[in-house]
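Next, two complexes with chain A in common: one pairs it with chain B, the other with chain C.
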Partner chain A sequence: MTAKEIVAGIFCCIGTFFFILGTTGLLRMPDIFSRLHPSTKCDTLGACSVIVGMAVYSGWSWDLLKLIFIACFLLLSSATCGHAIGRSALRRDIPYWRRQDEGAKSGDGA
Partner chain B sequence: MKRTVSLLFIAALAALLLYVVANMPPMGDPANPTATHVIPRYLENAEEETHTENVITGIILNYRGYDTMGEVTVIFCALAAVLAVLGRERRGAIEGFVDRSEVVSSTIVRTMVRFMVPFILLFSLYTIFHGESSPGGGFQGGAIIGGSMIVFTTIFGLAESSRRVPQRIRAALEGAAVMGFFLVGALGLLGGGEFLTYAWPKVAPGLQPSLVVWLTILVEVGIGLGGAMVLTSILFAMIREEEIATAS
Partner chain C sequence: MNWLSAVLGERILGTAKAFRRRGLLFVIMILFWIILTASLALHEMLLGAICSAAVAALTVSLLGRALDPHITPAVLLRLPLFMLRLIWEIVKANLDVARIILNPGLPIDPRIVEYRTYLPGDLPRTVFSDSITLTPGTVTVELRGDLLNVHCLCPYHEEGLAGLERLVAWLFGVRRDGEVRKGG
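== the complex of A and B ==
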């Protein structure tokens, strides 16, 4: 196992970790706004770490250029998707989640 | 009485079919005839016989050309059925079409879609034209074009979208997949070969390999364009239906 493979493996593991984190957040968070947070942020970070790992593994080649393109489009489209979902949820007046026992006290949020 | 007889008949038929199924070779077993004879035959001879590096393309367009021709005809028939039920969008209706949702899609999304769609189309062309040498092909490329049209229409509306891909262009290209197959098949017949063998033995035998590749790419382009136009037309027909439903 060369140093290159080890570094690539570490980056891929970091990416996978963030994927697991994001998926857990998506499943466990209570409403659409808080679900957007793990699904967009951790997804982007996870996928980009995996791409960095693959870029290290492939070295200087045409694959590197393709990986850079993939990363660019992923960052652009992921951010746009998060924005579009959040905006339309806001416009549709989807209620925010509040903890049941604090609902009466904190009515000033949003 | 009648019901008992038919029940018995069905039970006997089911028993027979289940017996046959039980005797079929187990799924995914490497000792199956498909794995021992069919697959090695394709893998060993496909590149030499079909001149396509991608064996899957060689199989679906060359060995099973008739089958794929039937498939694209089914896609075309699906469009014909949708249009028979929903009807095409009328030109006047599109000109007067206004976006009825009170919220305009955001500037960020509009800018991003305008920026991304050309890249998506470029990628679809890459998928179509490299279908004979790498994963991809006409069906996949056509679906990508159709997907980009769906994104564009969702954001910019039917009027903008149908200005980019006018009805007469779509009407002319919807049959491109079927036409491409029949054209290549007929050219093969004229060239002294057989229908859909991609070979013209009477004309220029030395050109054979590159000729086969070009004819395969021609069929791929036909499938891609035809599939994309079919998807777009179905989308437009469905939008028109919804617009009338909300207007009334």
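== the complex of A and C ==
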């Protein structure tokens, strides 16, 4: 096991850890809008860490450039997708979850 | 004869502009081709050049405008630095949201806030709302004109929006009053 493999493995583990966190968040969040946050988190840091790990493993080669492109397209599609889900939920007038006690205490509705 | 020279001059200027835009598109296409084929062999390059030229020529004449006028060489030069800064913001926000998720009390107080941006044009606004969505804790749910509806997980996430906006303004060379800086 070389140092390169160890570093690549560490990055992949970090990515997997963030995927687990994202899934946990997806299950814990109360409504559709809040659930968008952990899912974008999964895509951004989780997938990007795995890609960084693979980039370290591949070293200076053409695959590195391809991986960078994969990361770019992944980020673009993830952001667009999250926005589309949120927008369609908003247009269907799905109410978003609010913390009840906070709103009653401060009294600033809307 | 004055109007004739004016029309001709405009025509030539427009053609030169379209040609330059086509050239930029061609360069981007062929760079993408080289990365995908992963070789610099002559026949590969020749095929790529033919395809890129055909796509560049066809796209400009079909769509009229293939590249947004906001994309200039200066913007492309600043893009890698912008992405590094954005990734740093994303990592910071990610750790913050991770702390919220792992907290047993789930300390969230979500709300949809309205944000009026001073960025002009579709592309800067799209980049801005995409950056907001990529940063965990904030998701752009609606973009209409210069008004963004942003869903924030916690009230303090809203404070990061102005910083992101400044970053996007820097990328496109936009000043605070909405004017695009010339030659920036």
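Convention: the second predicted complex is superposed on the first by the 97 of 110 C-alpha atoms of A that agree within 3 Å, B and C clash if a C-alpha of one lies under 4 Å from a C-alpha of the other, contacts with A are read in each partner's own complex, and residues count from 1 in each chain.
As a working rule, a contact is a pair of C-beta atoms (placed from the backbone, for glycine too) under 8 Å apart; a residue touches a chain by one contact, two chains touch by 3 or more.
Just so it is clear, the model here is predicted, and its values are computed rather than measured.
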Chain C versus chain B on the shared chain A, clash or fit after superposition: fit
Which of chain B and chain C A:Phe73 touches, first, second, both or neither: first
Angular separation of chain B and chain C about chain A, which is computed from CA centres of the superposed model and rounded to the nearest 10 °: 80
Partner chain(s) touched by A:Phe33 [first = chain B, second = chain C, both, neither]: second
Larger contact residue set on chain A - chain B or chain C: C
First (chain B), second (chain C), both or neither touched by A:Gly82: second
Which superposed partner A:Tyr96 touches (first chain B, second chain C, both, neither): second
Nearest-approach distance, in Å, of chain C Cα atoms to those of chain B in the combined model: 5
Touching both chain C and chain B, counted on chain A across the two superposed complexes: 76, 80, 83, 87
Footprint of chain A on chain C - complex, ascending: 32, 35-36, 38, 87, 90-91, 94, 97-98, 101-102, 106, 108-112, 129-131, 133-134, 136-143, 149, 151, 153
Contact set on chain B toward chain A in their complex: 103, 105-106, 108-109, 112, 115-116, 119
Residues of chain A touching chain B in the complex: 73, 76-77, 80, 83-84, 87-88, 91
List of chain A residues in touch with chain C within their complex: 18, 21, 24-25, 28-29, 31, 33-34, 36-38, 40-41, 44-45, 48, 62-63, 65-66, 69, 75-76, 78-80, 82-83, 86-87, 89-90, 96-99, 102
